[in-house]
């Protein structure tokens, strides 16, 4: 643990560097850290993926269950995203029910998948109004070194592409599982791109040290046709409109790069 | 299964189902200082939304370990009355409530001189009495007035408004029906004098052009609301002055 | 905020005045503060009313839902009363699940409605043992300046009288909503009257300052035929029997006055 | 749907279904000082009610910020064993449990010299092992003995009993069946020597005359119970004295 | 309350005595305190028993309910054991949801009953996959003076032997209660025997003072044919293998003695 | 209803359904120091079990009143990922999770020199990413390495392994299928150098002879695992040394 004085000096240096278009770890302002993606790491889950973004590490597991549809969309399967910031991932994470950060993380990832219609939920309906598949996406943060949203969204997409749904038949109103699997019907590939604003400059993929000094943060989720499908400003500061439009341009480009890592791989 | 035919929410003449033009706000009513106990309060009606905001503080923080050495701790609770929506809502906070409480609190952080009141807290309580789409923006609009009413020094008022896409058109200030049946909703909070966007979220899909258009429209909405906020404060201020004069008369 | 010394002097003066049959705000001992009642304030609720009693302000919203009856009364609808002391109403209210004060408030209001049989619950049965209407009464305190029970009970009664139940038909065991509404079947009008005991004297409708000095409190709920239908002694002190019988007399009179404000209005 | 014919709970000769007269208490058994660890304890059987009360204190308060500068903080938990009622009750406190804990605590406040022990707490724990109507009153009767057994100075014992209306008759000490099928139940707690009513609640409907009648009957019941409480304390006191003598003999 | 110094001296003396094969209360190392068992103490429960082991006192009540079976054992009734350490039993017990000690107590007692197949759960099936009896065993600690597990397990067994299940018939898929009762089908009699390790010696049935100084604890549950059917090491210390094998021998003997107190009595 | 015929889990040649011999461990993979933030960490794969353990501490205790004057407070959370088992598990801790957290914590107490760090806490966090029987033992094996990796002084490593009875045979290290269909499962934790059993539980039924046999077999398993643990630590140590050399080269 570094002393507060050293920490403050380092922060000052980081901010100064960013003004000059440089970062402490020698990345450019719009460079991502190295991303490593492993799929199928949890055999017992219907889908899974582990993403490392620098030292940030997120494991996503997907379980398929059976349940009732929501009454306003009786012919659609159910999507539910949950995030856990388990305490081994960071000294600042506490055991217990999800706090506002975990809830925000889950909801931002959820929004990208839902709004881009990434999963064809109508194909997950078994008996309209009665029985549908439930897709449980669990985001499990194993090590926290900044930018959990992008790592989680990437892992969630990789896991979805890797998810199998068991075959079934309906006999006398009861669902019976049959041997074999189908792929989950995926039709879009949303990618989250997060910007931190430091010294009034934007940097992508902030690491923990950058998050600690950033004024504020913006996540843009971009779908396969370059449409924006989710936004989330988070943190205390503010953005100017020019910054947001600039971010949108960069996000499209970064999303395309990241998407290649998981789609058709 | 045949797709159900959706009746258009916006017609060919670009008139919305509630009679508004594409870039028209819903009717807004603002009242300041309407609660007896809160240090500051405000009430907003925006369409069928009915929302109360109350502010307590700056005051001592409980529990004490939450006090910040260099500034006031801003806290915010966005809460919906059980009867505010179609199906009764459980009074326990939902995940949505928790997220909104967070982003609304963060929308105010840049507006408040929190550094004037170290080791204290400023608590913003928002009660949605009736919800009809766009409650987070209306809540921010009201709560900013409540902060001003509490006498808390502000860099600027925060005004909030959504734009979105419905039936292919970019529209301002979506109501519940438009939010549910539309293609995108983009709520935004703004400090007009400082050109600072303090809340920005989006659901839906927008192309790059639509996105820019929607942001600009939302900003326009914020600017209109900013004027209404100032009028509401002025009305309260005048009222207070009149009351003071009355008080003087009585003496 | 007044200093503790000033507060104590004021309390002493209040108590002394009451011994003389007077109150700080110039009311008589058995006078209510001005009551204002607005109905139908929440259009999305099936019933609603806002009551102002001096500066105390309570909003009651009523939602009608569908559910199962209790197994011991299979042919009756379900009544449920919930109170929230939301933190904008008072610096002493905390966010979080209802505490003992909110629970007591809800249960005392519930008792008055239930014991006077104000709602004809049998008329709210759709299919005995299977499906009934649920009447959710939510008491929402917006500003607290004493005597929440009377204000809440009054608002609840006003809201009930203003409540509509949607039409329905039962088709193949499923309830289907039809256009149009009926009024909720109300057949009694319970009114709560609360007394504070201060300096061994009874005052009705205590304001917050009076509650802060009162020794104890008694709520009597009186139904349309002047029967007592609920009682609640609350607070640390005690009553003598004579005081209770005296209170019963006053309560009947006050209840009749208050009832006029909401019934046939 | 034909109304089911209700069998009368009280017959024409004013005899209740369990053989009691209208103003007759159920059989009551009281024992004092029966728990090993509590500072004071008592057990009551009243009809089929079986209730234990235990008292700890005066003692340091945890958490400390609950300590009162000028008196002891009285706390009370009324709790029912899951097997105490017909259908298993979840052990989590219900809203009814929370309300009863509050009014029972308040029923003791006027009886305890809390000002003798500033900054401490006195905790009253009530466990209903079997419930058969009137548990709050029986709990108070037992807990008051437990307070006395703990050596806490009291202005008077608190005795509690309900009266009510069943089949048109005003009756004393309703059991579960009478409570459920009757027309009214009015529980009352009383300090006999001080003429002080410290708990009063009511469910049901009573005319003005019935109300007065019921209160008077409940007070009568309390007075009878007061005698039983004193006897139970005396029995314990004698027992203790005897034990001390035995102890003396042994030495 | 004794002073810490006196307490420490007493502890030292207790430990020294145990090295000599003696105990403060003059029991031998493998002697139980006097056990008193009363059955049927709660008439409203389907079964009940109160056990006193010295000053430790546990009341067990058993309720029989109706519910659904677990999906992996559709033709078995459900057994559920719950423990409450209610605060009147000890100054160290706090109100609130069960903590780890209460949960461990319940689960150890549960394990003995379940693993020895003491209840014939298949006889508690009404309609396979749909409707079964649920046996709720509630352990209620009334006074805590050490060794809650043995007292609770003994009371649970006594209560089970004393439990009645109402008669029923199934009419059109609904369970209807008929007059009369049957005994619960009990076919094994598990007895828990707990050892404390103090000064590296084993003592059975530790009282509270012994638990306060013990290094660790071991519970062995022995069924009717002398098989071990549950084990639980609890507490900070450790055992040597020789101690565990020695404990197993003693446990068999002690279990037989205790079993006589409840079976065929 | 006819009993369903259970296919044997262990065949006549004493070969188990997964090909193992009766006293054979599942394949075990151990890695030390694999998490970035934890003070110590380790990962275990034992059959299909995949478990992470992380240790933070010794560090200041929050809340402070939990600090112990004479030693460090050991805390442990055993937690399963929702996707670690067949049917999704709710992330809220179950009663089983709470019991396991307790006995695992107690299994470490004798191994840690807690008296070296009074008033601090040492927190052990265990995350079961995939479960296949015997997770508590595998968790202990990993967590002991994490404690060592955190540089916390230990009397000995704790190694854990279950033995049990399946199809009438005493077998080592049961997997999920064997645990569910077998007759007994006996998990045990052990400090090999100190001959100290620090965790011992059992489900099922064992005769006196089987019991002794199972304990001895479990101890044998622990001894094998102990060797693997030492190798894993050595691998890490060597790796660190190599990295340091590299670092020296770079300079």
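A, B, C, D, E and F are the chain letters, set down in written order, and residue numbers restart from 1 in every chain.
Going forward, contacts are C-beta pairs under 8 Å (C-beta built on N, C-alpha and C of every residue); 3 or more make two chains touch, one makes a residue touch a chain.
Nothing here was measured: the structure is a model prediction, and the numbers come from that model.
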item: Number of steps on the shortest touching-chain route linking subunit C and subunit E; value: 2
item: Both-way neighbours, i.e. chains that touch subunit D and touch subunit A; value: none
item: Smallest number of contact steps required from subunit D to reach subunit F; value: 2
item: Relative to subunit B, chain with the most remote C-alpha centre; value: E
item: Chain centre separation (subunit A, subunit C; CA means) in Å; value: 48
item: Cα-centroid distance, subunit E relative to subunit F, in whole angstrom; value: 28
item: Distance between chain centroids, defined by C-alpha means - subunit D, subunit E (Å); value: 31
item: Gap in Å, rounded to a whole number, between the CA centres of subunit D and subunit B; value: 52
item: Running round the ring (origin subunit A, first step to subunit F), the chains in order; value: A, F, E, D, C, B
item: Residues of subunit E that touch subunit F when the two form their complex; value: 75, 100, 103-104, 106-107, 111, 115-116, 128, 216, 218, 223, 226-241, 244-245, 248, 252
item: Subunit E contact footprint on subunit F (complex, rising order); value: 1, 95-96, 98-99, 101-103, 106, 109-110, 186, 191, 194-208, 211-212, 215-216, 219
item: Subunit C partner contacts - residues on subunit B that touch it in the complex; value: 35-38, 41, 48, 50, 52-54, 56, 59, 77, 79, 81-88, 91-92, 123, 125, 127, 129-132
item: Parts of subunit E lying in touch with subunit D, wherever the complex brings them together; value: 41-45, 48, 55, 57, 59, 61-63, 65, 82, 84, 86-91, 95, 97-98, 136, 138, 140, 142-145
